[in-house]
C-alpha cells in the first residue's frame, strides 16, 4: 500500500493518476484473493463431490446440508463468523486468513453444486451402460463420466469465477485491504467518492467482463454441438 | 481456554433483531417489485430488436453483472451526493438492490421470452393485438412461468446480499447483529443467530415465492 | 355446393405477389382474387408456397413485390396501425392451434376483443359463450387448453378467431396436426361457417373436404398458381401433368 492513503486528510490533492495507481496496486490483492479462494474452493469442492457420489446416504446429507448452509446464508455473515466470530472464541485470525477461509468455503459450496449437477447430467443412463462393460466405479468415473462431465462443467465454472471475484469485495468489510477497501479509504481521503467509486467499478468490470464473455462464448459453443 | 457460548445474550435483544428482519424483508420485497418490473420493461425493450435499445440495455446489464453489489451500493450512497443526488441509507439500499435485481432479472426474463413459441406471437398478431399488448398479455405471462424458478433463486440471492446494506447503516438484520455484538462482545453467537435467521428467511421466502408461482403462474384452475 | 356465390364483391385481391427468403424465391408472382362468401381451397405439395401465400395475405410475412388488397384496403406490412385494422377483418387458424396456454378457454376468446374492441366483460362473456356453443364447446368455458383434445383446441381456436368478427378466415392446414378421428369435428365447424357465408381461404390436404365444400380450388406448384378452377373441374378433369401427378399421389 502506498503511503499517500494512510496520510489521509493531510494530503489535500490527489491526481486521478495517484488514485488510479493506488487502486491498481490494491487490485492485485483482489486478484490474489480471487485466485487463492477459487483454487482452494475447487479442491474442497472436489472432496465434497467425491463424498456426495461415493458414500452412503449419510455423507450425501452432510454435503447437501453444507451447500445449503453456505448458499442459504449471506457471505457477509460467513466472513463475520470467520473473523469476529472465531476471534471472539479465542482463535486469533488475520483479516487475510479469515477472508481466505470464508471465501474458500463459500466457493467450494457453489462449485461442488455446479460440478455435482454436471456429473448428474452425464451419469443418467451412462452409468448403466458403463456398468455393463464391467468397469468398476473408479474406471467408470475416469473413462466414461468425467470426460463428459468436465466438458459440461467448464462454462459454468468459468462463469462462477466472476462470482468469486465479486465476492472478494466483501473481504473489505472485515478490513482486508483489496480493491474495495482501498477504494473506500481513498474516497475518504480525497473527498472524491464519485470519481473513486467510478474507477473501482471500471476496474472490477475490467476484471470480470472478459471472464463473463469467455464463459458465454464457451456456453454458446457447447450449445451448438 | 474454555469457550462459553451464551445465545441467550443475543436472543434477549430480540426487538433489535426483529427490527432487522423487518428491514431485510422490506428491502427484499420492495427491490423485488421494482427490480422485476425493471427487468420486464428492459426485456420488452430488447424484444423490440432496435439496436440502440439493445445496446443501452446490455450496457446496463453487463455493468451491473460484472461489478460487486457493495460497489454499486457505495457508488449510490457515497458517490451520487457529489452530483446532488442525496439518498438516505434506506433509499440508497432499495435503489441499489432494485438496480441490481433489475439487471439479473432482465437477463432471466429475456431467456424466457426467447423460449416462447413463435406461433403464440403470430396468433396474437393475427388477433390484431399490438406489439405491446402481445408482449404484456401473451409473451410475458408465459415467460414468467418458464423462468420463475430462476427468478426465485435470484430474489433469494438479492435477499442475502441485502446484508451488505448494513455497511451504509441501513438497520437490517446484519446491522442488528453487528450492533448487538458491539454491545456485549458476543460476536460468534450474534452472527450464528443472524445467519440462522437468514437461513430461515431464505427457506420461507423460497416457499412463499414458489407458492405464489403455483397460484398465479402455473394454471391453478380458476373459476 | 360448387355454385358460385351470390354476391360478386372482391374481398381479397393479390397482384403479382413475389416473396423471397434470402435468395430463394418462394412466391413467383401470384395473382389471386377471392369474392365475398367464396370458399377457396389451396392445394399443392409441401414447399409449393401455399402457406407462405396465406401468411402474406394477413401480413405475417412481408412480401417484396406486388400488392394485396383486403376489402379494398391496401395491405402495408410496414405500417402497424393499418395492419392491425386489417387483421380485424381477416382471421387465421393455425395448424398447431396456438391457443394461449396461460389463459382459460373463455379468456382466450375474450382477450383480443377486450384489448382491441374495448368491450365490457359482460358483453364479452356472453359473446364467448355463444361462440363456444357454435363450435359445440360451451361447457369448456373455464377449461384450460391443455385439458382439451386437439380437435377441441382447434374448435376453440376457430371460435377465438370468430370473436373478432372477421369477414374472412384463413385456414392453414388446420387438421394436419390432429389425430384422424378428430378431423371431422373440426371440418364440420368449417363447413357450417361456409354455409353461413363466411369467406374462407384454406390450405388443406383433405381433398374430399376441399371437393365437397369449396367453390374453387387453386393448385400451387413451385411458387405459382399452376392451375385453378371449380372444384369439380379440377378434381375430375385436371389439365396439367403436375396436377395429375399430385392428385394421383394422394
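As written, the chains take the letters A, B and C, and residue 1 is the first residue of each chain.
In this text, a contact is a pair of C-beta atoms (placed from the backbone, for glycine too) under 8 Å apart; a residue touches a chain by one contact, two chains touch by 3 or more.
All of these numbers come straight from a predicted model, not from anything done at the bench.
Asks: Return the chain label for which the distance between chain Cα mean and whole-protein Cα mean is smallest.
Replies: B
Asks: For subunit B, which other chain has the most distant CA centre?
Replies: C
Asks: Could you put a whole-Å number on the gap between the CA centroids of subunit B and subunit C?
Replies: 46
Asks: Need the CA-centroid distance for the pair subunit A / subunit B, whole Å please.
Replies: 21
Asks: Provide the C-alpha centroid distance between subunit A and subunit C, rounded to the nearest whole angstrom.
Replies: 57
Asks: Could you list, by residue number, the parts of subunit B that touch subunit A in their complex?
Replies: Residue list for subunit B touching subunit A: 1, 3, 62-63, 65-72, 74-75, 78-83, 156, 160-164, 166-167, 174, 177-178, 181, 185-188, 191-192, 194-195, 198-199, 202-203.
Asks: Quick one: which bits of subunit C touch subunit B in the complex? Just the residue numbers, please.
Replies: 58-60, 80, 84-85, 87-88, 91-92, 94, 96, 98-102, 104, 106, 111-112, 115-116, 142, 144, 146, 157, 160-161, 164
Asks: Quick one: in the complex, what on subunit A touches subunit B?
Replies: Touch residues, subunit A against subunit B: 68-69, 72-78, 80-81, 84-90, 162, 166-167, 169-170, 172-173, 180, 183-184, 187, 192-194, 196-198, 200-201, 204-205, 208-209, 212.
Asks: Spell out the residues on subunit B that touch subunit C in their complex, using ranges where they run on.
Replies: 117, 119-120, 122-131, 133, 137-138, 141-142, 145, 217, 219, 221-223
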